[in-house]
Each structure stands twice: as C-alpha cells, then as structure tokens.
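Pasting the structures here.
Each of the next two complexes has chain A plus one other chain: chain B in the first, chain C in the second.
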Partner chain A sequence: MNNWSIGPIDAWIIATAICCNVACGLLGCFLVLRRMSLLGDAVSHAILPGLVIAFMLSNSRAMGPMLIGAMLVGLFTAFMIEALQRWGKVPEDASMGVVFTSLFALGVVLITRYAANVDLDPGCVLYGLIEFVPLDRISLLGHEIPRATVTLGFVLVVVVFLIAAFYKELTIVSFDPYLATTMGINAALVHYALMAAVAAATVAAFEAVGSILVVAMLIAPGATAHLLTDRLSRMLWIAAGVAVVSAVVGYMLAAHPRLNTSVAGMMSVVAGAQFALAVFFAPRHGYVSKLLHQVALSLRIAAEDILGMLYRWEEARRDAPLTRDQIVAAMAGGLTPRLALLRLLRGGHIESAVGAAVRLTESGRARAGSLVRTHRLWESYLAQHLGLPLDHVHEPAQRMEHFVTPRITEQLDAQLGAAQDPHGKEIPPAP
Partner chain B sequence: MIAMFRSNAALETPAPAAGAQAAPAVDVHDVTVAYHRKPVLWDVDVALPRGRLIAIVGPNGAGKSTLLKAILGLVPLASGRVEILGRPLSQARSMIGYVPQRETVDWDFPVSALDVVLMGRYGRLSWCRRPRRADREAARGCLAQVGMGDFAGRQINQLSGGQQQRVFLARALAQDAAIYFMDEPLAGVDAATERAIIDILRSLRSAGRTVVAVHHDLQTVSEYFDHLVLLNMRVVAAGPIGSVYTTENLQQTYGGRLTILDEAAEALRRAGR
Partner chain C sequence: MDTFLRLILLQDANTRVVLLGAALLGMTSGVIGSFAVLRRRALLGDALAHAALPGICTAYFVVGDKSFTAFLIGALIFGTLGVLCVSFVRTHTRIKEDAAIGIVLSSFFGLGIVLSRIIQNQPAGNRAGLDTYIYGKAALMVNQDVALIALVAGVILIVVALLFKEFSLLCFDRDFAAAQGWPAMWLDILLMALLCVCTVIGLPAVGVVLMAALLIIPAAAARFWTERLSLMVALAGLIGLLSGLIGTAASAMAAHFAAGPPVVLAAAGFFMFSMLFAPRRGALADWWRRRKLRQRIAMQNVLRALYEIGEAAGAFERPASFDQILSSRAWTAPALTECLERAVRAGLIRGRDDRYVLTDAGRREAMRVVRAHRLWEIFLVEQAAIAPDHVDRDADQIEHVLPPELLARLEERLRQEGRLPAPVPQSPHPVGEVAP
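For the complex of A and B:
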C-alpha cells in the first residue's frame, strides 16, 4: 500500500486523460441526444486507414497529416453510412456495421502490408499507451510538457470553443432539424462538423489513450448525464464531471499495487460504473427512485382505502369498532396495510384504543369524507354520463378516487348536482 | 393578443385588395417531388393568397406534408419552383414560421418548454449570439399566449400531447413570421387545445398573417379555414372554401374512399347505438 501515491508523473497522465475524456464526453452528449452514439464508435474505428494512408504519404507520424487523414476518412464514414441508408435502402445498424468494420479491416491490411516496420500497431490503437505519456515531452513556454497533454489540451479547448460558439445551432439541429433547415441553418453541415470533431478527437487521443477509452468516453458520460438532468447545459457539465471522475478514479484504481492494470481500461470501467449507478439511482429516471415512488404510491393508496373503509363502517353505524387485524385481513393481509395503518396513526388520522380497535380522528374523518365524496361522485358520473351498469362503477371509482384532483371533483359536483350516489348512498359534502 | 402580432409592422401582409400586383403568399409552380423515383407530388401548381387561413386537405399519402416540405425546401424538387411573397425561399426565410408534426422530434430531449419556444428566435440571432433577455421575455409572452405560461420550466416530456402542440405553436409565434406553415397542428390534441389553437390562428389572420395548415378533419375544415387546397398527388381544386368545398370535389379527391366512409358512417347511424 505504501507506494500507492500520486507524483508529478501520475499527475501528467491524469491531466492528459482528463483533457481527452472531457473533450470526448462533451462531444458524446450531442451524439447521445442525436441517437448516434454508435456512429461515434464507428467513426473512431474507421479512421484507421486514414491514419495509415496519411502516414504513408507524409512518411511521418506528425499530428498534422494524421489529423487531416482521420478527419477525411471520418467524414467519408459518416457519409457512406448515410448514403447506404438513403440510396441502398440498407437499415442504419447494418450500414454502420458494414462501413466501419470494412474500413477498420482495410486499415489493418494496410498496416501489415505497408507499415509493418513502424510502430503503428493495431493493438496500440485499441489500448493506447497512456502510461508512457510523460516520457515524450516538448518544450512549451519554458516548461517541459508531455506532447500528448499539449495535443489533447488543444483538442479540449477547440471542442469547448466549438460547442460554446455553436451552442444554438447544435441544440436546434439536434432537436428539430426541420425547423433548423427552414431557418437557414445547414443541418447537414452541423452533422458533418460534429463527425469531423469526433474523428479529430479520436485521432488526437488514439496514440495516448487508445480508441477503447475514446469510445467509452463518447458514450458513457453523455448517457449518464442524460439520465441525471433535464437541461442541456447541465447535461454538458455533468458529462464533463463524469469524464473527470473516470480519469482520476480510474487512474488511482489502475495504479493501485493490488490491481496494477490497464489505465485506459480501468478509466472506461469507472465510466461504465458511473452509468450503472445512474441507471439505478437517478432522481427521476432511475430504477430505485421509480421503485420508491411505487412503494410510496401503494402505501398512500392503502392508507386512503383504510380511511374509506373506516368512514363507511361508521356510516353504517356498526356497533363494534373495527380492529387492526380485521382491517389488515380485509386488505388481503401483508406488509402494506400494516405500514399504512402505522402511517395513519402517526399522522393523527386514526386512533387506536385498547383492544386494537381503530377509530377515525377529526382530521381523518375529514380526509376520508373527501375521498368517499370523490368516489361517489365518480360513480354517479360513470352511471349517468357513460351509462355503465351499477355493478361496474365501483371498481373504476375505487381507482380514480386516489388520483382525482379537488378541482375535478368540484367540476363533477357542479355537473351532477346529485346528493346521492347511484347506489343511494349519501355523497359527503365538500369540506 | 392581436396587438402583440402588430408589433412588427414590416411583416404585415397587405390585404389582397390593396394591390393586384402584390405577389401571393406562396406561389407553387409546376412542382414535382419523388421519393425513390416514385412521384409523391405531380405537377402541383397553386397560388396561396395572403392573409388567409388555408387548409391543405387530402387522403393519407396524398402528399400534404410533402407539399409543405417542398415549399420549405426540406425535400428536393424534381422539377418546378416555389416563391414566397414573390421571392425565392432563400430570401424569404425570416418571414417563415414552421410547426412540424409533433412526432418528428424527440420529446426526451433535455430542454424546457421555454427553451423550445426560444428556438423560434434562433433564426434572427447570428452565430455565437446567445438569446438575450428580450428574447426570453418574448418567448414567455408567446407561451402565455397559448395558455402555457405556467409551464415554462417544465421538461417537455412531462407535458401532455396537447400541451406539446401548444409549445410548438408558441415557438412558431416566437418566429414572428408573415407566413406560418403547420403540419397537422390539430392532430391528436384535446378539445381545449383545439379551441386555443384555432383562436390563435384567427388572431394571426386578423393581424394580416397567412397560415397554411395540413388538416385531416373534413368535419371542421369549413368552420376553421377560409381557403382550401384539395390535394391527391396533384391539386384537385383550390380556392375560397365556399366554392371548393363541394361533394363533387371531395369525391374526386378521396376517390372511392369517401363513399366507403360515408357508407360506414351511415351504417353506424342506422345501427342506432
């Protein structure tokens, strides 16, 4: 454990990863919103032949030619996928799969045939060599800075600038391309600009961090942020946060002596883990919150049903008061009615005397009265206006009484003007 | 409400009587549109007058939406040309408002109702320029006009279908256009929304604006609109509603289908429920 610490070397690696992850994460937000996450994946793989051809033509691994080669092939990929769809009538997933696997394979063939003697190897393209980032340094403003950090930092600045400058255009083209077009905003241009940015970010990143991390960052932060918020600007911030956390936590975990594993891989895993957490715990769209919401709802319904039961019991002037066990039994047993009873007791809606007899309190009676009122008004409405037979009105009214707002209830009352429900029971007055 | 539309006097289209030489709101010349070599619109030639509520009506697959998209440059023309207020589309964009079909957008998109309405102002903001306070105020005003003032901050998928349609209409109002194109603005909305939308359309007309809407309901077309284009791949008839809305024209537009529907309706009536 004692050699698990962060030195300047590690800091450079983390800074490089942060630049790469945030740039990809921000671009990824728009891919996710445009339902094109896999297009990012496709483009990031398909640029391989562009890199090889650029390398063959320029005979160097300089960033300039590589960027140009990758962007051209990236655009070509996006164009081919759309062309196959539109003119070849090939479904989107198939055209995407065909185009990017073919191009990636072509890249592999080109490498092994023409570039086997240089260290442009496909494995490195996939996994990257982020651990070696700090070794290759250049001098910038009197500081020795790793080359990859400079490159990816530049990419991040460009991406942030583009998103800030074209925020409106990106938003409207992503949401409603038709409206954008009628306003004279070129939706196709924005689409291809986004693809070019994805290709550029990919190639800038591939040597340092590998395309696996790039693909993960193009999808996971955006998808996570989409689950967590309903506003685009917040979504971009959250995606950036997820990207940073992936870089830092991923590196710390990978560098842990007990794990000592692939840095890029661990960062991607951390991004995936954050997505999984969001799926379960997101405040509105998450699984757990939906579950909690359902539990709360069924408790409320059970509590309201108990109030209604007690009200009708009092109304019928039964001599012996209901006991807790009778109520639970009438509600088909189980945990829900017991919890609902507890909640009503604590809320002061019912009181439980000796012998577990249960009575309504004043506030409970008022609440129960308005529930029964809604129920009976609904029954009257269903019988009068929809012509439902009497034995068919109780069930729907039983369900609706929990959801109808007071305003609707009063509208019903105004329309019906009835004092009794179709079964001849008195409709309680408005509270 | 009307006063609000009047705020931009330059956009007011003169009444048709004001000048015979004034170009029509939309002039469609011999337009043909084909998808995969199959014609969808065939030699459509029609002029739409200014300051009217104009309905485009026809059976499913008649090319109603395609005609709107052809006018707006959203589908390529196989032949023909379109003029808006006497100008080519590229010079008339700022005078156009558009309400696409509700299903064409992703309502899970992370924006609020107000954000959507603000998009109506994007056309007049150059790039790099964010919407300003005045734009926000205008957008809020448009939301209030369609009765959605209280929903400005709502995420759009928390709105009902009718509310979403109102937000779309508010966005079109924010465009402050001379001519509005609406693709089925009344499809699948509740009765209250339908009334609200019709009220807005009428006040637009009173302010001298032109509305061109694809409409699907033959029952209400003569009540809501004053000019009619009957379309079934080609224009069957076009003109003021009184002279065009005839049984003969409708039968020609709908072919045998109208009589089948008629018979079905008659059969239902006889069954006497």
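For the complex of A and C:
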C-alpha cells in the first residue's frame, strides 16, 4: 500500500477519466431508457473511419476536423441502420451488426494502410492511451493542463448544459415518445441530436480511452442507475457517481505496481462489477431483493394457510388436536410450512398444546377468522355473480384470500349480505 | 506481383492451408449465422466473441504456452459465461437485452485487455500470440489448427443438416414449435451452443472485435436473394466462404495486415451488392417495381379522365384538349404530358395538336378502369357507409390494385339487384368535377 500513492500525474489521468466517464454516463442514461444502448455501441465503433478520413484530410490530430468527421459518420450510422431496416427489411439487430462492423473494419483498414506511421494504431483504437494523457499539455490561464483533460472537460460541460437545457424534452421523449409527438416535440430531432452528442462525446473520449471503454461508460452507469432508482434526476446523479467510481477505482487498481495494466480495461471491468453488484443487491429491482420478496410472500401465504387450516379444524370440532407434522404433511412438506409454523409460534398466533399439537391463540383466531371470512365471501361472490359451479369456487378463493384488502371484503359483505358461503359454512363476523 | 502470383497459384503449402481454414470458417459462420439472424440473436454473437478474450488470456496463464486448443477451450468457457450473463440479466432484472449485451461485451473485453497487458508485462511474456486474436491473423494458422477447425466445422454442418427442419421451425415460430411438442428450449440451447463453438473457432481468423460480422453479414446478404430458408442457408454459407477466401488472401498479401477487417469488408461488399441488385428484394428491383406501378396508375388515371370527359359530353369520338384533361385532376402539366406520350405510344390514345381521343383499345381499357372505380365507389357508399362526396378519392387509391375476383363478386351482386348490365355502372356522384 505504501507505494500506492497519487502524484500529480495520476491526478491528471484520474481527472481526465472522470470527465470522460461522467459525460458518457450521463448521455448513456437516455440511451438505456430509450433502449438504444447498442446504437451507442454501434456509433462508437463506426466513427472510426470518420476519424481516419478527417485525420488524412487535415493531416493533424486537431480536435475540430476529427469532431466533425466523427459526428458526420455517427449520424450516417444512425441513418444507415434505419435505412437498412426500412428499405432492406433487415431486422434491427442485424442491420446494426452489418453497419457498425463494416464501418469499423473500414476504419481499421484505413488506419493500417494510410495512418500506420503516425500515432493512430489499431490497438489504441480499442483501449486508448490514457496513460500518456499528461505528456501532451497545453497552456491555459497560465497553467499547464493536459490537452485531453481540457477537451473532455469541455465536452462534459457541454453535455451537462445540454441535458439541463433540454431536460423536459429529453424526459418526455425517453419515457413516452408518442406523448412527446402530440406535445409538438420533434422526437426524430431529439433522436438525431442525441446521436450527434453521443458521437461527439465518443470521439472526444476515443483518444483517451478507446472504443471499448466508451461502450462500457455509455451503458454501464446508466443501466446500474436504472436498477437503483425510478426517478430520472436521481438516475443521472447515480450514473455520474458510478462513472466517477469507475474512474478512480479503475485507475488505482490498474496503476497498482503489482498489476500495472491497461487503465481503460480496468475501468470497464470496475463499471461492469458495479453493474453486477446492482443486479444482485439493488434494493427494489435487484435479484436478491426480488428473491427475498418472493420468499417473504410464500412464507406469509403458508402462514395464512396454516391459520385457516387450524380455524376450520376447530370449526369442525375434531377431537384430536392437529400436530405440526400433520400440518406440514397437509401442505406437501418442505421447508416453507416449517418456517411459517415457527414464525406463527414466535408471533404468538399459535401455541403448543399437548405433545406436538398446536392450537390458535386469541390473536391468531381473530386473524384466521378474518381470512376465512374473506375466503367465504369471495366464494359466495364467485358462485352468485359469476355463476361458477360449487366445486370450482374454492381454489380461486384460496388464492385470493391473501390479497383481498379489508375494504373490498366489507364491500363484498355489503353487496352479498349472506351469512353462509355456498357450501353452507358460516361466514365469520367482521372482527 | 510475385506474392500475388504465388498466392493465386496456391504455391505455398501454408497458403493453401490458411485459405482452406478461412473458407471453412466463413462457410460455417454463414450457415449458423443465418439461424442466429432469423432467431434475432445476431448481436449476441458479438457479445460472445468479445467475452471470449479473457478466456484466451486465462488459458495463456494456465497453460503458459501458445496452445491453439487451450485458447479455444478458454474462449468457449468465457464466451458461454458471457452469454449466460446476458440471459440472466435479461430474465431477472428490468435491464433490457441490448444494454445487457453492451455491458457484458465491454466489461469482459476490458478484462481481456487487462489480462493481456499483465501477460505482456511478464518477463517471458509474448503477447504476439494474443494480439492475433483481437483483429485476427489467419496467416498464423498451421496444419493442426486447420484440422481442428475442419473437424468442428464438419460437426456443426452435420448437426445443422440433421436438425434442419427443427431449427427452421424454431426460427420462424418458436411458440408453435413448443406447442407442437418439440423440445423448443433444448433446440434453442443447442443452436446457441453451435453459435458459441462456431464463434470461437472463428476467432483466430477474424478476431474477437469483428467475428460478429462474419455471422451477421453473409446471412443478411443471403436474405435478399430468396424466401426459402434452405437456399438462404446455402447462399450465406457460400458468401461466408468467398468472404473468408478473399479477405484472407488480401491480408496475406500485405504482411502487417490483420485478417479480420478485409474479411469483413469483403462480406460487406457482398451485402451491398445483394442489397442493390437482388432480383426481388433488392433496392433497384424495388425502385423499378414502384416506378412501374406509378406509371400504370398514372396511365389509368389519364384513361379514366378522358373517358369521363367523353361521357359527360356524350360523345367519345370528340377529342379533349390538354387543358381540359389537366383541369380534370390534380396533376402537373409535365407529368401529364409524359403520361399522354406513353399512352399514345401504347396505342391507347390518338393525339394531334394538343387534342386527344381514346382509340378503340384505349376505350376498352378505360371502360375496365372506370368500371372498377365505380364498382368500388358503389361498394363504399352502400356497404362501408362512406359519404358520396368522399368516395371518389378513396376509390382512386384502390381501383388500380383491385383483384379481378373481387370485381366479379361486386358485379354479380349488382346484377342480382338488376342494376347491371350496363357495361359501366352509373357513378354515385356527379362526374366532371375536379377530384380533390
């Protein structure tokens, strides 16, 4: 750890990476929401020939021509993908695949053929050379600042400004393009403007981090944020946070003397890892929380079924009390009924009687009564109003009793006014 | 020039081997890619190929040598892992497949770059073997590699041939296949597995970045030529084979050229050609068909205009002036002139000094057109309850494409009601107004 310090060189690299990642991550939120993630991927690959041609024509690596070349090719890509779909009747994914791989291949050939003697090399296209960013400095306001940092910082400012200025339009187009059209927002214009912004951010980021990290940064922060929140404003903040973490942690790991490896590659790995964490542990949309939710639901249903079973047992005045094993066996065995039994015991809804038998406590009986009441009211409703035969009403009622709210139960009661269910059993009174 | 001659005369044993390998790869990818494209799995191949890179690096760590077989096994494991990740994210979270593909592709590839740089930093590190997998270097394949490729390609082609009917059903209507009791899920998995294997053996020749192109482009190009799956698969195989040959040959001629980009560009060339020149679905054919249809419609409109002018005047022999025809419809003078000239050439109209009259053949054709128009108008007024002042425009759009059987049925109905046999029924609205 002691030789893992941050000097000014590292700080410049991290700052550059943060600007690049945040700019891409913010734009990416809209790509993810509009299901255009792969269009971002396609554009970031396809701008390569635009870059090379601009480089060949201007004979320099100045930002202006490259930016224009890349934006033109970016828009051309988006247009071609749509044209192949519309006029060639090629499916969307295939038309993307055709367009961006062909353009990328063209770019690589052009580089190898015409630009091999300069700084563009096919490997750097993929993973960039952010390590060398601090070497190429320009003077700004009396400070020596790396050129890439200035460019990417400028791109970040423009992206933030554009999002802030067109926040309402972007929101509506992202969530409801038809509403946007009826409100007079030109959805196609927003689409192509977004594509142009993606192309511009991509080309600015290209030199530093290469096309692969651009793809990671366009998609991973937005998707991670989409798992963590439902509000767009929060999503943008989270995406920015993910992008910053990828930059800092990715660089620290890559620069660690024992690894000493590709910074851009490590940043994409860190972005992917954050997404993986969100996939599993996001509070509402994560896999684990969904799993826990399902387990909790099945436990509640099992517990309520046990209460209902004990209530009906008491109601039938069977002599021998019901044992735990009998209950578990009646519910087809397994872990769930056992856990549900434990929970009911712990919650004081049931208590142990002689031997392994259990019986309802006062509070358990009240809850069981209201469940059975819902069940039987629902059965009566199904029989009376939907005309279901008697042997068909139990199963739907058994499923519904767990989900019917007290208000609906009382409405059913008021409408039916029955004292008995269709099987002739008494409907328990309201608690 | 010398290299070129040596190349096309296949003088080097090594060149022969490499070209054979590339051709086999191209063909197999074309065949499997056809199913992948139809099953809408085209871009999953891209994720798979990118995800394979860390597998190749891991194999290098484990085996410590440039072993072709070990690389392929590592690539297969990680590629499959990548596909599984995509399908897990798609089924268990709200993230859509496209975003999942993008993330898996980039973070796995990033991992691959990280690992390859670490290997390069090792004292004995030799990343030449790894770099070839990024953009492909078919020229480095040796006899045993090609033998392995041939074996795998043979197995894939045999499986596809045996299960051709099942796979086609799966691609066109998976739900129907499942409802018919086919093991649709297992067929799907088998298809994915074949796709994985094919992608992985393609990596040495085309590289992880562009492998997806070899799956997608030949299939998409072949789709333009035919509506039959068997033909499409065969064509895709052929296009893949030729792309592999041309691209590899091009890369072999220039020593520092990677093989992937030329192969993909060759395939893209086939795609462009197919898209433009395919006989039925191609862009040119489509343009020609539309042009023909437009011309036919314009001609029929001219005939109907002349007929209705004659009908209003009570004499078909009296010529109508150009301005009269022009004002009967919303068309431009140049378009009308061009169309009148064509009608004269076709012998449907006689024209002199800007005055035009229908010939006998022209009048017969005009009667047919007007009949179709008015029958359809009557149908719209009486059956679809559309106001008489609206039917002219509606009928106008459809009269040119009404099938004869439908006209016969409409006619039969009017005849039963005793409103025919006039050769041309009465128009349900006043004739002679300028149509909107």
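As a working rule, the second predicted complex is superposed on the first by the 420 of 431 C-alpha atoms of A that agree within 3 Å, B and C clash if a C-alpha of one lies under 4 Å from a C-alpha of the other, contacts with A are read in each partner's own complex, and residues count from 1 in each chain.
Rule of thumb we're sticking to: a contact is a pair of C-beta atoms (placed from the backbone, for glycine too) under 8 Å apart; a residue touches a chain by one contact, two chains touch by 3 or more.
Note that the coordinates shown come from a computational prediction; the quantities given were computed from them, not determined experimentally.
With both structures placed on the common chain, the touch criterion links A:Y178 to chain B but leaves chain C unconnected.
Using the contact criterion defined above for the overlaid structures, shared-chain residue A:R35 touches chain B and also reaches chain C. Using the contact criterion defined above for the overlaid structures, shared-chain residue A:S102 touches chain C, although it does not reach chain B. Of the two partner chains, chain C is the only one touched by A:A254; chain B is not.
A count of residues in chain A touched by chain B and by chain C gives the higher number to C. Contact with neither chain B nor chain C is seen for A:E395 once the two complexes are overlaid on the shared chain. Residue contacts after overlaying the shared chain place A:E410 against neither chain B nor chain C. When both complexes are overlaid on chain A, the residue A:L232 reaches chain B alone and has no touch with chain C. Once chain A of one complex is fitted onto chain A of the other, the partner contacts of A:M266 are limited to chain C, with no touch recorded for chain B.
In the overlay built on the shared chain, the residue A:Y287 is in contact with chain C alone; chain B does not reach it.
Note: residues 35, 226 of chain A belong to the chain B contact set and to the chain C contact set alike, using the contact criterion stated above. Here chain B touches chain A in the complex through residues 69, 72-74, 90, 93, 96, 98, 100, 104-106, 109-112, 115-116, 119, 122-123, 125, 127-131, 155, 171, 181, going by the rule given at the top. Touching chain A in their complex are the following residues of chain C: 37, 40, 42-43, 45-46, 88-89, 92-96, 98-118, 121, 131, 134-135, 209-210, 212-213, 215-217, 219-220, 223-224, 256-258, 260-262, 264-265, 267-268, 271, 275, 281, 283, 286. Looking at the complex, you find that chain A touches chain C at residues 32, 35-38, 40-41, 84, 87-91, 93-98, 101-102, 104-106, 108-109, 112, 116, 122-123, 126-127, 212-213, 215-216, 218-220, 222-223, 226-227, 254, 259-262, 264-269, 271-273, 275, 279, 285-287, 290.
By the touch rule above, chain A contacts chain B in their complex via residues 33, 35, 165-169, 171-172, 174-176, 178-185, 226, 229-232, 234-235.
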